[in-house]
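In what comes next, subunit A is part of two complexes: it sits with subunit B in the first one and with subunit C in the second one.
Up next is the complex of A and B:
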């Protein structure tokens, strides 16, 4: 087998995702949205299975521009699973709408972009991944064609354009210094200012995708305008992709020239704090969760800071990524069921006790209460940060967990202590399937954390 | 059946005593019933018991040391004699005490005394024996002090009690030694092992005290302060007899050496108390001294190795001496005194009494066929057989003295003139006397078989008979013609006052006792003083501790106060913290409010914030980089 075919085999999961997207589009052309969904599910399962099979092997493709390592493999696993769940949620929410199949196709494309980000060893892959995920995200957010959806989508687009331009601009300096687009090529540079500028630009681009403060401004509006299932997707897939990409970059960047971790720590602290305190003021469930995702983005950074200093760095990222995907999708699924306002969820415990319990579990997991998956993830993240010498950041993170408890109690409290239940929506089978699955994953991952941490 | 009689003979007087003690009416009837029941009990017991038969009844007590009463022939006989004499005396006492004071005290004490004697007689173990012994001591104290309003009665009772109590220590010590020698509480019968000389000496001390042997003879004369029936009871078959009875009981286990000491004590007592009796100026005092002297004969016989003779004399003496005392009591009732001078010639007025008195006196002298002859003859023969010349001389001299002092008494009663006295209830008193005089006259013939039946033997011999009779006749004559100036005046006085050597009882016993008591009192006071000092020291200490305590309390109080102050402070602080937390919370919320304001929804503004933030970030990084460089 030739070099080329070996490289293609290495990126086989990504190729599967691409083919899935294409096939889903084909089914949409055939006006067979269900076919698109099945294609999505089958394709995602294929990629997922392949990645699980490949766990533990490390390969690079195309002269080191793409890495098939632990991070990228787990990215495929987590994001493929997420795509399946989101597909089901989309099916429930957008069933029968015009161009339903394109959504499945776009989901696959976006997932592809995120997985490319997660495995990027080259600046071009970074740019490519950000562009794919952001463009598809823009299209997804704009899907309902309502004013608010369009507004959100446009904001997303504008933000993406600006930050993308900055990133592209900054990366050209990197490429210029090292004479190569390979991330590994920047090791031998002695231009710290330019490196620093390039890194700042890179943060802008990835931070936008990850809705990290101060690149987050699109998030609440876009989430509010977009369908709930799409919001769930945007809160999970680009974010995990972007953070895994940042982790890939940080793994390679020469640490002895510039202390990049300082900027990451500042961003983490601000992101966590900002997300939580603003979330306290939200009356919309979806906006609250949007700010919550901003805060959770800050937590991701703790793992990235520790990636060169702690054994737990990668493990904590994977664990928290997995947990985040499960609990966030679960929470969004329930929001999709009950409605976008906090008042919609009040009294849920009396009508749908299991759903209320599941919601509580998701939120508490987001806070980081044992033995749930969120706890395991956050525990590893804090450990990683402390190992790296960022104890103060871990303390800020823990304090933010406390504040986040206040945030999530704003949802939990009315569920159990207000009796009237306004939203008399009927049970939606697919949503139930999703949130119960997420529920099992949240609890199971928390308990079986040893299995996931390799 | 005999067991029932046994219990009756002991319990009847006890019941009477309790009855008298509880009802306090001074009636003689229950006591007469009591003594009669006791007599009947002892009589039937005596009749039921054959020579060889002896019944041991064990009851109560400790597991390995039961109380034992022994109903054998000797004990039954002794009990019978005691109850016969007691009955006679009780009957007499009913008459005697008719006009006297202290009946309420007198009668229960009499019954108690009788009961104690019966317990003593029947006792088969040391516990009961000592119980009887001590009860008798108590009863004698009460009886001698019947007229306790009189000083000499009080002194007499105390003296008797003190002297006998002192001697009683010997009983305790002896009993203790015997118990550990035989490892049993019962009074031993067999001769498997002799007790030590020390134990025997201890017993001898007890005997000397109880039987008024030298040098403890003086309590008897003091005891004369009691009513005459009391003297009769104490000095014949009971109290003084108890000492001899102890010797009978322990005779089988006495060692050879101890017998000699017993004999010597007996001899000395015979001679010295005999002289006391001769020099005595009072009928009752004479009889008291005579009692000591006669008990001395018994000790002499035991010392010579013939307890049979002693036993015979014990029986004989019981009857004779009680008769004499009862007679003396009649004279006392008639003339309010027993001094020879006061009752001189009264025999002519109280003829019946006088004749019985003479008969009893002759019996005591040892004139056949009266009862005293048989026993005294036996004792003299025993002393001859023993071959100890001191015993022989003492015995003969004793017989001579005995004849002398009774002769003197009879002469006093016979000679001179006296007014006719008026004695109420004289018949009752005479009844008592008659019962006894019959036994004195006729008892002699039954004495030997009875003693032999017990297992003792009374030795007989011609020499002893001749010696005894010669001594008696010579004594009677001597006594009849005796004048006080025959003996040196100082000796007479010395003898009369019971040989008060170096102050006698007063100097030898009372003063040392008082001095010892005084010494101990000083020690006591000394100790007391120190105890007091210790007490004061403790008091001071406790006061100091109290003060310290108070200080500690104050300190604790202050600590508590400061704790309260601290807690109130911390409460304020708490409140402050609470407010701070609230402030922080609200400020957090407020910051969220301001943060929210950034979220204007206007893309250009938001993008501007983003760019500015990014620039700030890069700026920070550059600064850090400059530091790094």
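Up next is the complex of A and C:
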């Protein structure tokens, strides 16, 4: 077998995603949106199955520019699963709208972008991944063509193009110093200022995709304008892709020249605190969840800090990524069912007790209450931070968990202890399917941690 | 006794099974719900009694199942004399509280299911021999109690519930930090509590910080001054049964934590800073008694006496940390017994207050009059429990507090002297309350026309009353197994 075909085999999951996206588009041209959805589901299942099968084998492709390791394999597993769930939510929300099939195609394209990010060993892959995932994101956010959707999409677009340009510009310095676009080439550099500049630019590009403070400004407006299912997608897929990419970079970056971890730690502290504190004042469920995703972004950084110092770093990222995808999609699915305001969810427990219990589980999991998946993730993140000597950051994280409880209790309390329930929408089976699956995953992953730890 | 029956797991999960059955039979009558709840609580109680027959000095009935081998976290259960006391207390008090709660009609199924879930969580905390498992159960108690207060409390319940949840969550998150540091610095890394007790892994600065994180976590839970401010509000707003569980068992989580973690896993740091803990404890004793004296709401008054009683307890633990000799053993024996005594006495007091409130529609001491004449049995029980709470010899608190004082007297006679002042204050406040509200002629105008205790209430109260007297007269019933374990703790070996 030639070198080229071996490389192509290594990135087979990504190729499957690409083919899925294109076939979904073909079905849309035939005006058969359901065909696009089925293509999405089948393609994603294929990529997911293949990556599960490959877990444990580490390879690189195209002379080290792309890595097929735990991070990138788990990224495919988590994000393909997420894409299936989102596809079902989209079907429920946008069924029968014009161009429905394009959404499925865009979901697949965006997932492809994020999985490329998660495996990048080269700056070009970083750029490619960010571009694919954000370009598709603009289109998804603008899909409904309403004023608020357009506003949100334009914000997303403007921020995206500026941070993307900064990232590209900064990375040229890295390439200039090391003489190569390979991330591993940066090992022998001794130009702290230029390295730092490039790093800052990289953080801007990835931080934007991950809605990390201070690159988060688009998040609440874009989420509010976009369809709920798309907001759910934007809160999960680009974020996980970007953080896994950052982890790939940090694995290689020489730590003795610049203390990158300190920068990340400060960003993490700000992101967690800002997201949680601002979320306290929101009256819209979507905006509240949007700010909470900014806070959760800070938690991801704890794992990235530990990537070189703790053997729990990678495990914690994967565990938290998995948990985050399950609990966040679950929470968004229920918001999609009941409505976007906190008042819409009041008294849910009286009409739909199981849905209220599921929502409570998702939110408590976001806080990090055991034995749920979010706890397993945060527990590993804190361990990895302490292991790396960042105990103070773990303390900040812990205090933030307490604040976030106050945030989420603002949803939990009215669900159970206020009587009126305004929303009498009928049961939507696809949503039910999604949130029940997320519910099982959120509880199951919290107990079956062993499966995920690498 | 070496049985193949996983007695601990059975006792632990029976209530949870009951809770699931209740939830599955959502539309059943209250009779079915009550039966399921009482049966599972009874079986769990029987299991706990059964456990008592197989105790030796170390951890008995140990069960171990793999869970996360990569982190050396496992499903590890086991009890010694100290945790067994707490297990027994939990099953008894839940049994009585569940019987007491069978009457309340509103959302009965959900309430019983929550109580049973809480019972499993509390038992899990006391039985766990694995840090991670312990933490999971510890947190579930918070979630359960939040819903009990918010769902069945009085007017201000939402605020009280949120404050309780957030305040104690901060404490337990510091606990998580401490656990992580115990884990990361153990060699090889493990969550096995037996390992961590046998070879405390920490030293120097890390040990000190970990100790203070543990202290903070358990001081909030216990609670000690100045971390107590969630307690009065939670008690005022919680339903009577919730208060009984909260004061009777959840506070013991903090006390137990002081013994099992702070004392056994960071013994050197505890020894070094025991004097600070002692000062905080002594202050809590006096402060709790003084503030209790200023209350007119009888429930708030009892709530504050909890701070007072827990102060004695923590003082006893601090003495044990300081002097590893006979005095230390006395003090720790007393502290462990105090967990049990306070659980049954305060549990009973809160349930009785619930019964009073149903009949008199108020809890204000100045407004209540002649309860003893109107309800002789109810009043009699209350007076007995109050006397127990103020430390009358022959009742449950006396043997515990006596041993704590005995142990502490050797090194800090002045501290014991100050604490005796606390004793005088609690005596005064109880006697004043009894005089005002239980003596005299009843004021018929606001007493609801309800009879004295009915069969349900009697079933709930009598076991506790008997225990209060039994422990007072024969403290060795419980003290024997406590002493067996305390005597052989590894902390005395230094």
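Rule of thumb we're sticking to: the second predicted complex is superposed on the first by the 454 of 454 C-alpha atoms of A that agree within 3 Å, B and C clash if a C-alpha of one lies under 4 Å from a C-alpha of the other, contacts with A are read in each partner's own complex, and residues count from 1 in each chain.
Criterion: a contact is a pair of C-beta atoms (placed from the backbone, for glycine too) under 8 Å apart; a residue touches a chain by one contact, two chains touch by 3 or more.
Keep in mind it's a predicted model, so treat the numbers as computed, not measured.
Applying the stated contact rule after C-alpha superposition, one finds that A:344 touches neither subunit B nor subunit C. In the overlay built on the shared chain, the residue A:274 is in contact with subunit B alone; subunit C does not reach it. After overlaying the two complexes on the shared chain, residue contacts for A:217 are found with subunit B alone; subunit C is out of touch.
Residue contacts after overlaying the shared chain place A:352 against neither subunit B nor subunit C. In the superposition on chain A, A:67 makes contact with neither subunit B nor subunit C. Contacts of A:405 after superposition on the shared chain: subunit C is touched, whereas subunit B is not. Of the two partner chains, neither subunit B nor subunit C is touched by A:91.
Contact with subunit B, but none with subunit C, is seen for A:204 once the two complexes are overlaid on the shared chain. For subunit A, the partner with contacts to more residues, out of subunit B and subunit C, is B. When the two complexes are laid over each other on chain A, subunit A has residues 406 in contact with both subunit B and subunit C.
Residue ranges on subunit A touching subunit C, taken from their complex, read 315, 364, 367, 369-371, 375, 379, 382-383, 386-387, 391, 394-395, 398-399, 401-402, 405-406, 409, 413, 416-417, 449-450, 453.
Of all residues in subunit C, only 67-71, 132, 135-136, 139-140, 142-143, 147, 150-151, 158, 161-162, 165-166, 169-170, 173-174, 176-177, 180-181, 183-184, 209 touch subunit A in the complex they form. Touching subunit B in their complex are the following residues of subunit A: 154-155, 158-159, 162-163, 166, 192-193, 196-197, 199-200, 203-204, 213-215, 217, 220-221, 258-260, 262-263, 266-267, 274, 276-281, 403, 406. By the touch rule above, subunit B contacts subunit A in their complex via residues 585, 588-589, 591-593, 595-596, 598-599, 601, 603, 606-607, 609-610, 613-614, 617-618, 620-622, 624-625, 628-629.
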